[in-house]
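In what follows, chain A forms one complex with chain B and a second complex with chain C.
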Partner chain A sequence: MLSAEEVKRLSVLARLEVRPEDQDRLVRELDRILGFVRQLEAAPTGEIEPLVHPLDLIQPLRDDEVREPVDREAIQKAAPDVAEGYYRVPRVIE
Partner chain B sequence: MKLRSRVPELVAATARETRSALEYYRERIRVLNPRLNAFITPVDPQAHPATGAPGTRRLAGLPIAHKDLFVTRGIPTTCGSRMLAGFVPPYDACVVERLDLAGCTLIGKTNMDEFAMGSSNETSAFGPVRNPWNLERVPGGSSGGSAAAVAAGLVPVATGTDTGGSIRQPAALCGITGIKPSYGRVSRFGMIAFASSMDQAGVLARSAEDAAWVLREMAGHDPRDSTSVGLPVPDYVAALTRGVRGLRIGIVQNFFDEGLWPAVADRIREALSVLEAAGAQLIDITLPHLSLSVPVYYVLAPAECSSNLARYDGIRYGHRARDPVDLTDLYCRSRSEGFGAEVQRRILIGTYVLSHGYYDAYYLKAQRVRRLIRNDFLKAFESVDLLAGPTTPTPAFRLGEKTADPLTMYLNDIYTIGVNLAGLPALSVPAGLVEGLPVGLQLIGRDFDEETLFAAAADFQGRTDWHRAEPPGFEEGSG
Partner chain C sequence: MSWETVIGLEVHVQLLTESKIFSATPTRYGASPNTQAGLIDLGYPGVLPVLNRRAVELAVRFGLAIGATVSRRSVFARKNYFYPDLPKGYQISQYDQPIVQGGALEIPLPEGIVKRVGITRAHLEEDAGKSVHDRFPEASGIDLNRAGTPLLEIVSEPDLRSPTQAVAYLKALHTLVRYLAISDGNLQEGSFRCDANLSVRPTGETRLGIRSEIKNLNSFRFVEQALRYEADRQVQLLEAGGQVVQETRLYDPDRRETRPLRSKEEAHDYRYFPDPDLLPLVLEETFIDEVRSALPELPTAKRERFQSAYGLGAYDAAVLTQSRDLADYYESAHRAGAPDSKLLANWILGEVLAKLNRDHLEIDQVPVPASMLALLLVRIADGTLSGPLAKTVFETLWAGEGSVDEIIDARGLRQVSDTGALEQVIEDTIAAHATQWTEYCAGRDKLLGFFVGQVMQATQGRANPQTLNALIQKRRERSG
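So, the complex of A and B:
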């Protein structure tokens, strides 16, 4: 059974804020989903190779050369807060 | 210009009288979309002018809608989320770019489940889409807006994406044709990522023929997506006339288990007998590990989603919380305000299965079972050319019917998810009605063999009229 403390720990890792009024519901829901996927435990997989990706592709590499110029101004139009070409965030270092 | 014109007819008509198709569909969207909520952003054709680069022009003048998960230069792209409300991308997705070059005109961005996580379109931050066959029913999801718009005749074709059934399931529930190509067939560049080892772009259309015309332009290697394969793209339009004669079709016995409505099973068996009468050989097939598809998916998809959605930090783009006290507060509140409940559940599940102490038991274990599932499919394709079964266990359910319990909602994709885990191509075609609601026949092909899917689907549609059925109230001249 998933505990409230564990959900709290997950929310910290995931950078999500769980509102106190949502906590009980969330613990119940997550516990039910995890209980459902736990049926995989019984699957007879032995040492079969994990399938990370459906195609057994080799990662193709290209030459490391500049292809597209980065238009900083166009990209930063989507940012909530920029100043002088930089992203502005709350103070990190005191 | 007629509502049920085929794609090649629409392109030919546009060559004779410019803008006619566009104006026709824009008017239908204006009048009929308020009933459906299928569009998040209707697009003025001038807002997204073609690049002017030389293209095939094989779809010149064809109006098209893109699922609001494909980024569009200068046009808001929300992915159905509050997180991206107001986000205007500076570039086009590869799919958008290629369809522009083919001559398509973007007519709108369609509604969808938030970040493509949902099977009913009810997780959208922009309100649910309604099923044109019955406005109290869901259209399916996550490409529910695209499916409803095509079914209601608001647009002739639309793009969608399919991570666990998100093209095929809404296509089935709305009575249209939807194809999810093989993983790697279409570039994912500019598709907002959900589960990158399964996400794939495809087409929702009124027939296999229309879908073939559009997929032919979308498919092919793109250097900006290293998982898009370098195989040549066959001429899907030419494949339409091949027929099913001589094909061996495996009937997936696992799909006919207790969860399937008997009336849906009847429609599917009738559809299969049509294929048999056309010269296909039907063979019973069992895929031993298929029943584990849903649990495997609900480990792997959340794991990939928790990692992909880590990028939404409230700093570079997307929603930002007001007056953060520090950086952590900025991250946490921006994400909790921006993401809806289903997205947050999946991020937390993904975080759990990837976290220390659980990684082997959940994530690695699921990947091992994923290989067993793919191996089942590969073994089946040693003796058959296609696999077939229902797309969904039931017709469209009621709005609100499954929102209380996430697990009940997940099980709706029980027949579609295995295909994504294996990376195979599959499509859904209309196979009749149950209680006045459409039912879909699912066909599954070998890796990169979309041609046989198109051949079988087109042959089926040459012998049946289900794909011509129109939802009441959305016929020619309605509104």
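So, the complex of A and C:
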């Protein structure tokens, strides 16, 4: 059973704010999802090689060439706050 | 109680590519902010990463050089965390199936001991952007130019037993990545970055103690200082009956101390999973063979060859082979006809390195080409120049003022070995110092130095010292 503490920690990691009145419901729902996962885990996979990609293809490689022009002005139009070429964000110091 | 320090290092090496690891934007350092961050680097919806072949080649080159297993199949994974300089909210990295596994690096320790340090793994990943905190009041600036730059993260086994060994390992690794030309290794520009895991345990204990991880070690000097501080801190804590807490600590070079950054509880939970945007990386044997056949001579092999082929001592060979460029300079001068391999080593390790150091130059910027140094040494061997005169000529060559023979002739530096000319100067000197000459002839041998000095002065140091000594002594025999 998933605990309220674990959900709190997950919400911090996911940067999601959980309102106190939603918490119990969220714990119940997440626990049900984990129940589905437990069902999957019960499937016998001992003989099967893990699948990392659904397509049976391998990674193509590209040559090391600069080919993509960067239009900073156009790109930065989508940003809420830019200054002196930087994206300006609330102060973050770890 | 005596304590043993146990250290493992994680080094991020920036790979020398023109374009990013998953996109075709440039990796050049120092460009105007965000002019090299394109849609893939910024994590726009709907874009797909495509892997750079060169980055793969460079990682394989490293793996082969350390005798590792190069994975025929490796997988890219998403490492999830939130930070403003990580646009996608995850870093593409490798997790349980890295491209390089195992291998070892041999590091030279004092007294000629060589220590084998195991490499756990090396994996490919993309770099994040940079946050700038001093540009705007109350805000941080984000420059995403570095986002997507290819990195090879090289993780060592906890095989290192002191801060000194840790630095020796880093220097050996630094030399190796530059030899292999997989990175420029520029520490100031962040091309070679180090994090350390350190724990202590009572001597004789086989289990590992609780470790702390130390970040922000961006010079060899800081690594040593930080690890010394951290080992002392842990020992003091344990001796006082306390316990080490597993945590991440930051080194503050101004205060010369480490301080907590985040505890185990606050540690990131990266929730790795295979990146669905990237297929498994499969390497053909032919690809690996091609990389193998292009491997350059490695530092250890070169050092041993310098000892056996040129008769150099262990120390000289080690210093000369520290960088491929310096070793090439030595060998070019040798090929250009420098007559004495030991003398050549002395000149490079003495004059050349001292002047590079004085002028803050690297060996690839040396103003005296190897062939010029070779000719200078030929002029010493053929008696044209004495050692001190050669140094004067070298100084002039360094300043870019002509060739060896031009300088010798223009400045009249040619050593005087011509007996007739020297004899005349000796006669003049005897005439000017008759009293001393009488005393010298009477047996005051010490005065030989006085006469040699006088003649040297009269010839502006150009007299060949051996010839001069012999002439003065012969002259006394005739007088006596």
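To be clear about the criterion, the second predicted complex is superposed on the first by the 91 of 94 C-alpha atoms of A that agree within 3 Å, B and C clash if a C-alpha of one lies under 4 Å from a C-alpha of the other, contacts with A are read in each partner's own complex, and residues count from 1 in each chain.
Here, a residue touches a chain if its C-beta (ideal position, glycine included) is under 8 Å from a C-beta of that chain, and two chains touch if they have at least 3 such contacts.
This structure is a prediction, so every number in the text was calculated from the model and none was measured.
Participant: Scan A:84 for contacts with chain B and chain C and give back first, second, both or neither.
Facilitator: A:84 sits against chain C, while chain B stays out of touch.
Participant: What is the contact status of A:33 with respect to chain B (first) and chain C (second): first, second, both, or neither?
Facilitator: First partner only, chain B.
Participant: What is the contact status of A:4 with respect to chain B (first) and chain C (second): first, second, both, or neither?
Facilitator: neither
Participant: Look at A:17 in the shared chain and tell me whether it touches chain B only, chain C only, both, or neither; answer first, second, both or neither.
Facilitator: Touch partner of A:17: chain B, not chain C.
Participant: Counting residues of chain A touched by each partner, does chain B or chain C come out ahead?
Facilitator: Comparing chain B with chain C, the partner touching more chain A residues is B.
Participant: For A:64, is the partner it touches chain B (first), chain C (second), both, or none of the two (neither)?
Facilitator: So A:64 only meets chain C here.
Participant: Using the touch definition from the top, say if A:45 reaches chain B (first), chain C (second), both or neither.
Facilitator: first
Participant: If we overlay the two complexes on their shared chain A, which of chain B and chain C does A:72 touch? Say first, second, both or neither.
Facilitator: In the superposed model, A:72 contacts chain C only, not chain B.
Participant: By the touch definition above, which chain A residues appear in both interfaces, chain B in one complex and chain C in the other?
Facilitator: Chain A residues touching both partners: 13, 15, 52-53, 55, 57, 59-60, 62, 75, 87, 89-92.
Participant: Once bound in the complex, which stretches of chain B touch chain A?
Facilitator: Against chain A, chain B makes touches at 87-90, 183-184, 197-198, 223, 226-227, 229, 289, 292, 294-296, 298-299, 306, 310, 313-320, 324-333, 335-336, 339, 344-345, 347-349, 351-353, 355, 361-362, 364-372, 374, 406-407, 410, 421-424, 447.
Participant: Which positions of chain C touch chain A when the two form their complex?
Facilitator: Contact set of chain C toward chain A: 17-19, 23-26, 32-40, 42, 50-56, 75, 82-84, 97, 131-133, 135-136, 138-144, 261, 268-269, 271, 274, 276, 278-282.
Participant: Which bits of chain A are touching chain B when the two form their complex?
Facilitator: The contact residues of chain A facing chain B are 7, 10-11, 13-19, 26, 29-30, 32-34, 36-41, 43, 45, 48-55, 57, 59-60, 62, 71, 74-75, 77-81, 87, 89-92.
Participant: Which part of chain A faces chain C closely enough to touch in the complex?
Facilitator: Residues of chain A touching chain C: 9, 13, 15, 52-53, 55, 57-70, 72, 75-76, 83-94.
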